[in-house]
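Look for chain A in each of the two complexes below; its partner is chain B in the first and chain C in the second.
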Partner chain A sequence: MSILRRRELPMSLYIIVMVYLIFSNYTGIGTSLAGDIRSWGIAIATFAGLIGVINISYLHIMKLYQKREGWPYSIVMFICFIVYFFAAYYYKPGYDWIISNLSIPLGAAFLSGFNTLGVIFRGSKARSIWSGLILFSVTVTALLMVSLGPLISPGILDIARWIKDYPTTGVFRAVTIGIGIGILMLVVRAILGMEKSYLGEM
Partner chain B sequence: MIIVGKRFEFILFILTLGLIYIGIWFARQGKRLDIKTLSCVEALEEAVGRASEMGTSVWFGTGNAGLEGQYATMNIAALSILGRVAELCGKRGVFLQYMCNIPHMLPISQDLIKEGYTKGGRPDMYTDDMSLYVGADQSALVAATQGYILEKKPSVIMIFGATMYEMLNTLAFGSRVGAMMLAGTPRLYYQSATLLAADYQLIGEELYAAGALVSGDPIQVGAIMGEDWSKLIIIALLIIFAIAVNLGNPLYNFLLSW
Partner chain C sequence: MGKKLKQEYEDSIAALLFILVASIPMAIPLGIPVEIDPMTMTLYDLIEEIPDGGIVLYDLTILNWFTNFQSDIAIFKQILVRVRAGELYLVIMTEVTGPIMGIDKAWDTLKLGDLDYGTQWVYLGLIPGLEAAEAAVASDVHAAKTTDHYGTPLSELPLMERFHSIDDLALVVTGMNTSPDPPCRQFGGKGVPLILQNGISTIPLMMPYVEAGIIQAYMTPGLQTAGYEKLQGDLGLATSFADAQSTTVAYALVLMLGTNLVYHWRKRQK
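Right, the complex of A and B next:
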């Protein structure tokens, strides 16, 4: 098998980089290179964008070619892609207009409190005393954020502040410690070659 | 050699690594390990079975993050679960739909799903469009997910990894179509959503433990044992420091500045 196709190469790269970053963090040696390595990761991930473009184009071309269900949407997708691409590189005002008047408002519509909170409340189920407690905390804390809260009862604000300052902070710290140990477990498994999912292997 | 102020942290780091390795070593020696079970991991088979009986698909997502930066480890664990789910789908002949908005997740997920279906005995079922890239935007991922859920009505929805607000929307829309939902993320702000809306959850570091559990390899499970020992040490330290601080003892501040 070609050396480039062997799994030992990416695994070695992963382990060497990880150990170097840990070494640099604790010793302060080579911090400049460590910073550069972190940037490389983001740069390499950006290059992978081409894979996404090829995949999405292939799927929609096949959909058009085979006239599968919903094929007219593939034409819309290609038109949007081409317009967006050319605006980004050749017509800056048009690109800015798309971002300001289409992309940001549409994104905000998905992210807005009305949508996100609305859907989560509809999807929530108080199936146990714990999820019931969370629903109660969410409701009380949401009232803290709006002017309606003190109008209902001034005591609600005190309860909400107490929930935010004590149980929530305590749980956040406990969960953070647990996550830290969990990451270390994954690191050990990766160093020992047990964790291979990042290579696309089970 | 170790930077001042990081020495105690470094000792804890090495101690934790050591304990996890000892857990794995114990497992390699064939010692019996009593570890916790995760209901969410045990429910994977039941979930895929449900999809098989209902003749619908399984939807799987890892959210708006890839394998770079601080969220990498979360998604590595989530990908382990994806591989296992693909294997179960192969065994039961269920269609698995994975969606991502991070390009480099695409080839990795394709390889995992393909290997999973092959292990499950149905390599013929695998197609490249089981793994779908939906555009580089988070809103695009949310829109594509919601569209798929409303149109195809998958009976099982799984979302694991470094998920963000797309988890809320996915779970809510899954609830609308009556899907069985499994979710888990170590990201603090979204854990409450999994508890509220999902049928089975992985809270906090359970996602990392699940990554080891789904492998079915008893040696990997030894790592969880080491993780539990580390937690006991951390709890002991917390108690000692709490007492020391309340008694006015400078131990805690000394160790932090050491």
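Right, the complex of A and C next:
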């Protein structure tokens, strides 16, 4: 097998770079090269945008070609993409109009209200004592987040603050510690050559 | 009540009522008083107490104009009062493409045009890579990017001569709406105060970092930002939305109660 196709080469690169960055971070030796390596990461990330364009184009071209369900929306997607792209580079007033009058209001409508409304309407049924407790927490926490809350009941807000400061923060502290341990495990596994997900292997 | 409406009709009625309820404060302002949160005071004091000559790095990672951006704009306003007074200097960057789309609108809102670009403020533009970008900027910003957003070499911008790494900063602010872990890892605990602008739902995620002294202060959209605007004496988007948020939350709670009553009533009927 060609040396370029063997997995030892990318694994070696991955491990050497990672060990070097850790070494440099904790010893302060070779920080210039470490900085350069981090800059390569930025250069590679730049290509993510290009990969995104290729992927979305491929997905929608295939959808159009096969006339899959909802294919007319793919045409809309391409029109929006092309208009937006050319406006951004060649027609600034049009681009500003799209941002101010389409993108921002539509984003606000989507993010601020209607998706949440769907969740409340369809997903907030107290089917058990546990889901009832969650709904209670949601209710008092929601009241904490708006100016109407103190007018309804200051006592409820105390419960909401207690939920926020103790059970919820406690759970998330555990989650944060778990993530930290997970990252450490990942590093150890990668150094030992056991982590191969970046090669597309499980 | 016995006959069940089609799901799409139910959804449409609920959405229509939502619009009506959100519109009520436009016709009848409720004028509910807004309280200033203790965390808001901490954030305000932190910015006020930055020593003169300090450089502030503002890392934008999200564009939700009517939600997170209202908080970003409010924080920018307080910082810019001191930038205009010649006390602070501002460097802005983004790690994702979203904020770039609305950045010109933000600059107009903040009237950045009347500041001396390159001396009082610099816009680095997009530095892709999320946490990798934060790590690179924290260690060596000139290695991470050689030109600003407008293509000017960083070496030609006087402000950038004083900013090489996180050690040269007086404050880092990150505007986001997701896990606070990356900025805490890359900017936190390095002797420079860190402020996070983050979604309301992420408060529990930020609290462990606040208690550990890694995040010095946070700002969330909605009520907290409305209190912040009140403190600044410069009312903005958050204040105008405060009443609408109250009515829509009240509606959501009524809706939640109603759906549960109907659900259990129908269950008992069966």
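Here is the rule we use: the second predicted complex is superposed on the first by the 148 of 202 C-alpha atoms of A that agree within 3 Å, B and C clash if a C-alpha of one lies under 4 Å from a C-alpha of the other, contacts with A are read in each partner's own complex, and residues count from 1 in each chain.
Just so it is clear, contacts are C-beta pairs under 8 Å (C-beta built on N, C-alpha and C of every residue); 3 or more make two chains touch, one makes a residue touch a chain.
These numbers were taken from a predicted model, which means no experiment stands behind them.
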First, second, both or neither for A:L135, with chain B first and chain C second: both
Which superposed partner A:G182 touches (first chain B, second chain C, both, neither): first
Partner chain in contact with A:L59 - chain B first, chain C second, else both or neither: first
Touched partner set for A:R6, first chain B, second chain C, both or neither: neither
Touching partner for A:R161 - first (chain B), second (chain C), both, neither: neither
Chain B versus chain C as contact partner of A:L143, first or second or both or neither: second
Touching partner for A:A45 - first (chain B), second (chain C), both, neither: both
First, second, both or neither for A:G35, with chain B first and chain C second: second
Contacts of A:G200 with chain B and chain C, given as first, second, both or neither: first
Those residues of chain A which chain B touches in one complex and chain C touches in the other: 38, 41-42, 44-45, 48-49, 103, 107, 111, 116, 120, 124-125, 135, 138, 172, 175-176, 179
Interfacial residue positions of chain B with respect to chain A in the complex: 1-3, 6, 9-10, 13, 16-17, 20-21, 24, 66-69, 72-73, 76-77, 79-80, 82-84, 87, 102-104, 106-112, 115-116, 119, 128-129, 132-139, 142-143, 165, 168-169, 171-176, 186, 188, 191-193, 195-197, 203-209, 211-212, 215, 217, 219-220, 223-224, 226-227, 230-231, 234
Parts of chain A lying in touch with chain B, wherever the complex brings them together: 22, 25-28, 38, 41-42, 44-45, 48-53, 55-56, 58-59, 103, 106-107, 110-111, 115-116, 119-120, 122-125, 130-131, 134-135, 138, 172, 175-179, 181-190, 192, 194-195, 197-202
Touch list for chain A against partner chain C, complex: 31, 34-36, 38-39, 41-42, 44-46, 48-49, 96, 99-100, 103-104, 107-108, 111-114, 116-118, 120-121, 124-126, 135, 138-139, 142-143, 145-148, 150-151, 164-165, 168-169, 171-173, 175-176, 179
Touch list for chain C against partner chain A, complex: 10-11, 14-15, 18, 22, 32-35, 63-67, 97, 101-102, 104-105, 127-130, 132-133, 135-136, 139-140, 143-145, 181, 200, 203-205, 207-209, 211, 222-223, 226, 242-243, 245-250, 252-253, 255-256, 259-260, 263-264
